[in-house]
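Chain naming follows the written order as A, B, C and D, and within any one chain the residues start at number 1.
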Amino acid sequence: MTEAIPALRLEGIVKTFPGVRALDNVSFSVMPGEVHALMGENGAGKSTLMKVLGGIHRPDEGRIIVNEKPVVMTSPLEAKAKGIVFIHQELSLAEELSVAENIYLGELPRKSFGRVDWKTLYERTNAILKKLRVGFDAKARVGDLSIANQQMVEIARALTVDAKAVIFDEPTASLTDAEKVVLFDVIADLKAQGVGIIYISHRMEEIFRITDRISVLRDGQYRGTLKTAETNEDEITQLMIGRKLDLSRNAIHHELGDVALKVEGLSCGTFFQDISFEVRRGEVVGFYGLVGAGRTEIAETLFGLREPTAGKIYLEGQETRIHSPADAIARGISLVPEDRKGQGLVLGMNCRDNMTLPQVDDLKAGPFVAEGSEIAIFDQYRDRLDIRTPGWKQLVGNLSGGNQQKIVIGKWLSMHPSVLIVDEPTRGIDVGSKSEIHNLIRDLAAHGYAVIVISSEMPEVLHVSDWIVAMFSGRIMRTFTSDEVTEDNLIQAISGITPDKAA
Amino acid sequence: MEPGTLSTALKRGAIWGFIILELIFFSVAGKYLSLSDKAFMDLDNMLLLLKQSAPIGIIAMGMTIVMINRNIDLSVGATFALSAIVLLDSMTWPVFAGLGDFVIPVAWGLALATGLVLGALNGLIVWKTGVDAFIVTLGSMLGYRGLVFMYNGEQPTSHLNWTLVDFAEADFLGLHTPTWFLLAVTAAIWFLMTKTVHGRNAYAVGDNREAAVNAGIRVGPHMMINFMITGFLAALSAVVFYSESGSVNPNDGELYELWVITAVVLGGTKITGGAGSVISTFGGVLAIQLLRKGLVHIGANTETVNLVIGLILIAVLFLDRQLNIKGKEELKV
Amino acid sequence: MASLNKANIGGFLARQGILIAFVLFMIGFTIANDRFLGLDNITGVIRSSAILGVMALGVTFVVISGNLDLSVGSMMSFSTIVVLDLHDKLGPSLAIPAMFAMTLCLGAFIGFLVGYLKLNSLIVTLGMLSAIHGLTLIYSGGKNMDIADKEGTWFSVFGQSDIVGIPVPILMFALLAAFLGIVLAKTPFGRKVYAVGGNGVAATFSGIRRARVVFACYIMSSFCVATAGLIQASRSLGSQNTVGQGLELEVLAAVILGGASLMGGSGTIFKTVIGVLILGFIQNGLLLVGLQFYAQYIVTWIIIILAVWLDIAAKRGKLWSPIA
Amino acid sequence: ETMKIGITQNNVGVDSYQTTYEKAFIKAADANPDVETVVLDAGGDVARQIAQMEDLIQQEVDAIIIWPTNGEAVIPAVRKAYKAGIPVIVTNSNIAEPGFEFVKSFSGPDNITQGSRAAEIMCDKFKAMGIEDKAKIVQISGQPGYTTAIERAKGFEDRLPEVCPKVTLMETQPGDWNREKSQKVMEAFLVKYDHIDGVYAGDDNMGVGALNAAKAAGRDGIIFVGATNFAVGYEAMERGEYWGSIYQSPVDDAEAALQTAVDVLSGKDVPFLNYFDTPKITQDNMKEFSKPVF
């Protein structure tokens, strides 16, 4: 093994999009057998850099060097041929096809006459799935899997080829802790085989747990590389955002108001059963559970997107039936949905129009939309949430993932809801913005909003909630106040073990 | 049993159930309404049905592939006509004068090559420009039709070669020549789509094009090949049909794209790509042909046929949707 | 002003490509035939494009909302036949509202199927293309429909008269275009049409009643079709059952030429009007130059693909598709 | 014993002529107790027409009447009927010559003669006006590819130079048997040519479309001559706006076809080309004809 030769190297990469200089002279290298973290705020250019490496974007300037030889990556196929495997930030799967076909997409084993060699395909796939310790098999249809399992299928692709380098772009965003452990094992295996790994994540604890070195990008510029063992969170954060971050919980004390939302015995088919809880004004309730526990479906039901099969919903003490999001909005409920691209945004529309979409009927000057008021609203929330965009005319589809998420949050905050439901509000959001959003959530509660936070990140739930609902398989297992909750009893609850039952 | 298995089975079998319903209905109604002494389900009548399904059916197999690919080809009718012109006209070209009846395979080859080229042109434009296939082929549907007219003005192009006619009218083991072509094409495309890498990639490309690109499938050439197959099959359909009829009007094949798409959709191929089956398309073709034939058999006139076929198409779409609904707790979007 | 660097000029050319092509064509035709730019000819072209144009306005709404309408041709035949038939039975002042009501019913039916039942619009309107044609034939018994007293009826104003020197069809087209243009660009409804077409799920999550918006788009479309039928009927005071046959594709071509995306979410009324005029002038120019009608097919083919190509090339900043 | 006669028509409902034809045919068949009919319509589609021929053969009808969608493409299908021993009668628009040997008789108008007659009507009128030396005309032909359209245009174009050698035919464009399309074509002609003395249209439907265009443009004095006198054409002649046409009754057409079939089946001798007469009609002699019902 030649120690000194990097598995791959990027030199002076420049990439501009209309109106945005996404990468500005970035250089960066990965050694064989190294786990190299790439960090930076939302929109710093991490995904763009990796897309350049993966042959999806052509750089305007700069070189890619593999094995000390400069190469031109013209297509993903080319990148793959050079041994670069790319596990994407957004799921990139064909839902109608089987797990095996997805894992080997683009390189299905062949027999004569171009026939698929099904036997080999399933054997190889099952071998990989076994390593990943997942509960589905090679023939399962990908569309039938949970999001987390789909993510595992995505990860499985890293194991199909003799990779020189593997890029993981936020692979853990929708994984449970158990699955994360598997992922980290996989990464350790690859590392042991001398594969260079680039790992992108906003989660500090992961970064410090598995990486060897950390490179930081800010506003498209390279800020430096540090050895993980020789640095700490503060230093990284400072490199990323150029200042120190105060992560302590805002201790705003405030009065609890009336019960804003009360739910009694709510059920919806097989998704969840017999859910009862209440939220007061001024209170933040955290819903925690494994992916698939049914939290999103509760939110969707409260927002009128699903018809409950049983149970009652009370708003301000009044029993209410909510048949559509329009109903829900009229009654003061807002939902920041889980899937920002699919559910939260119209990507081909500009920032302003996205932000004011739910209230476009109310922002009227005569029969017309009052564009002035719209711009005012946009400006207000851009400043408040620190949304990075050249202006309101920018199409939302051209923003980075994190900034897109902030547009969605701004859209629902500007409705001044009495009940605000946020589903995975900080998925894919950088640390700086994340703490801003957490503060914002606390702040909203302080101003008398009732807030429900659904999250798969335990620190987040622990950090923002006044009390926590632990769910397992469509049922509430236990509720905790912030005083009684610990990591241990929370994990027990969401795994289906309650103290009563365990006893 | 997993939930949804029943509805999946229903969906898969739906087109065949529909065909059986049609057969029963027309046989019974035909007894009272038809002037014909022969039963609808008469063997000869069914064999004729297969034969008459061939022109639309052969093209429908190609359309199934492009639709699984999440593309569409609206130019098949014009390709059909242009290939037919090449087929018939090339037999009269002085260069081939010495060939005698050997001109036939040459003319066939030229016609099929025409289809390939026209399909390749569609595919190339879709690939290189990134313009949606609907728009590209809407354009070439006009453009190819323009070429048809350029060829011979508004006159029909004709050449009767009785050897060719006799071959096309022949039957072998009781099946007509066009029927053999239809069956062979169906089998070949079925093999392609279910057994080969190209076929499986076609599903992946239609299901999630970006994923396919990311996985390193060369999506552009892949789609182009499928357009070429479709062009080829449109030409093959013309070869089979015009070998027998010997004359093509410049507006022949107009609206074929609509019939073909109708058959493919009846067969359950999703217009949104990624799903579909060649065998079900075959069912869709038969169902349409049965419907047309049956309606005429019971004495319905043109206007009724139009009305009924239009409404049936919508009804099938509606039923398909009902079968897909999981329950009232489904997400309302 | 942005500096005029190379990319900017390229971007400008691509964005305005369709207008530039239009201007080049106009210049070419003018040189080839000095009558082309005559006032009479221009008025004539716009007047005869008005029917197609009015239909294209409605289809623009449908396309922006992410759907298709292939039934407008059949539906226009239906409106024309119905209003001509009722003209002699009820008199024009009742025949017109009755025809509008019947056409709107067809639009509502399609809107219900596509909007509320969420059926695929391509297939639904394909089905309706055939079904409405059948309906028209049944209604008319397959016969041509003619107004008995062609000289005496005031019904001819919509197709044949002028107001202050402007032919009424042009006036109706212009007014409807202005009105619908404002509705689409400036009102909450217009905004919702774009949202529903851009991402229907996100629109629903934003409290927009998507079914209602789609339904309304088909109502608009059928209203425009009825208006087109009215102009058509009034213009010739008699008609065949197939008068609108094939128009659905011409209408779609005009809308696409104007730059509306079939994926939904983009397009404007102004651009559609440009698309309609381009088709009209090309058709007319080629006839004047003495080319056979089929030359127009080929020219339309090339123009459609170039227009859409340049449009998306400008958006992605690259001429060729990045797909390998 | 009843005779079972099948008919496959071209495209019913596309215009009134064909619709009236079908009704007249059914009526005539109903009136004859010895006749039973199977009435089919190809909807303008050759493939469907060939399929219908096969169906009729399979149903073993006694005779087949065909109104060809394409005069050549149906020849092999006609041969099939011939081989099956079923006599075939072609109606309205003849099939091409290579098919003659498989056909018992053609019954219908003589479209070439119609074209010639239209040329004569036009020429006579120009002579009466004294402009036969300098008149300029345009032609609007029927749907491209249809035998009737082709034959009428051919008859007109061949005959015109014989009777009026100095009249120039400036341009021909198809109007697809469609009034609206024809109106558009005429609009362009009017812009392009300052001087148009006459218009020959392949039928009156298109002729009236052209007339509408001329009226809208305020161009008077153009001589319109059509074919297949429709009610709209007849009315326009009554108003003095339209000069002449060819009188052709779909009822005669249908009845002649059925009668030919019956005669063939009863063993009578029928001429191979069994034309029914289609006389000239102009403003001068129109009183001799009743107004067309279609």
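To be clear about the criterion, a residue touches a chain if its C-beta (ideal position, glycine included) is under 8 Å from a C-beta of that chain, and two chains touch if they have at least 3 such contacts.
These figures come from a predicted structure and were not determined experimentally.
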Result of counting contacting C-beta pairs for B-D and B-C, higher pair: B-C
Chain B-chain C separation of Cα centroids, rounded to whole Å: 29
For chain C paired with chain D, centre-to-centre distance based on mean C-alpha positions, whole Å: 34
Chain A and chain D: spacing of chain centres that average the CA atoms, whole Å: 71
Set of chain D residues in contact with two or more other chains: 12-13, 174
Per-residue multi-chain contacts in chain C, two or more chains: 137, 142, 201, 204-205, 292, 324
Residues of chain A touching at least two other chains: 75-77, 305, 324
Chain contact graph, described as a line, ring, star, complete graph or other shape: other
For the chain B and chain A complex, residues of the former touching the latter: 195-198, 200-201, 203-204, 207-208, 210-218, 274-275, 327-333
Complex contact set, residues of chain C against chain B: 113, 117-120, 122-124, 126-135, 137-138, 142, 200-201, 204-205, 210, 249, 252-253, 256, 261-263, 292, 294-298, 300-302, 304-305, 308-309, 312-313, 316, 320-324
Touch list for chain B against partner chain C, complex: 125, 127-132, 134-136, 138-143, 145-150, 153, 213, 218-220, 258, 261-262, 265, 271-272, 302-314, 317-318, 321, 332-333
Complex interface listing, chain C residues touching chain D: 33, 35-36, 38, 40-41, 44, 48, 137, 141-144, 146, 150-151, 160, 232, 235-236, 238-243, 283-284, 287-288, 290, 292-293
Chain C-facing residues of chain A, complex: 17-18, 74-77, 303, 305, 324-326, 328-330, 335, 337, 342-349, 353, 357-358, 360-361, 363-364, 367-369, 411
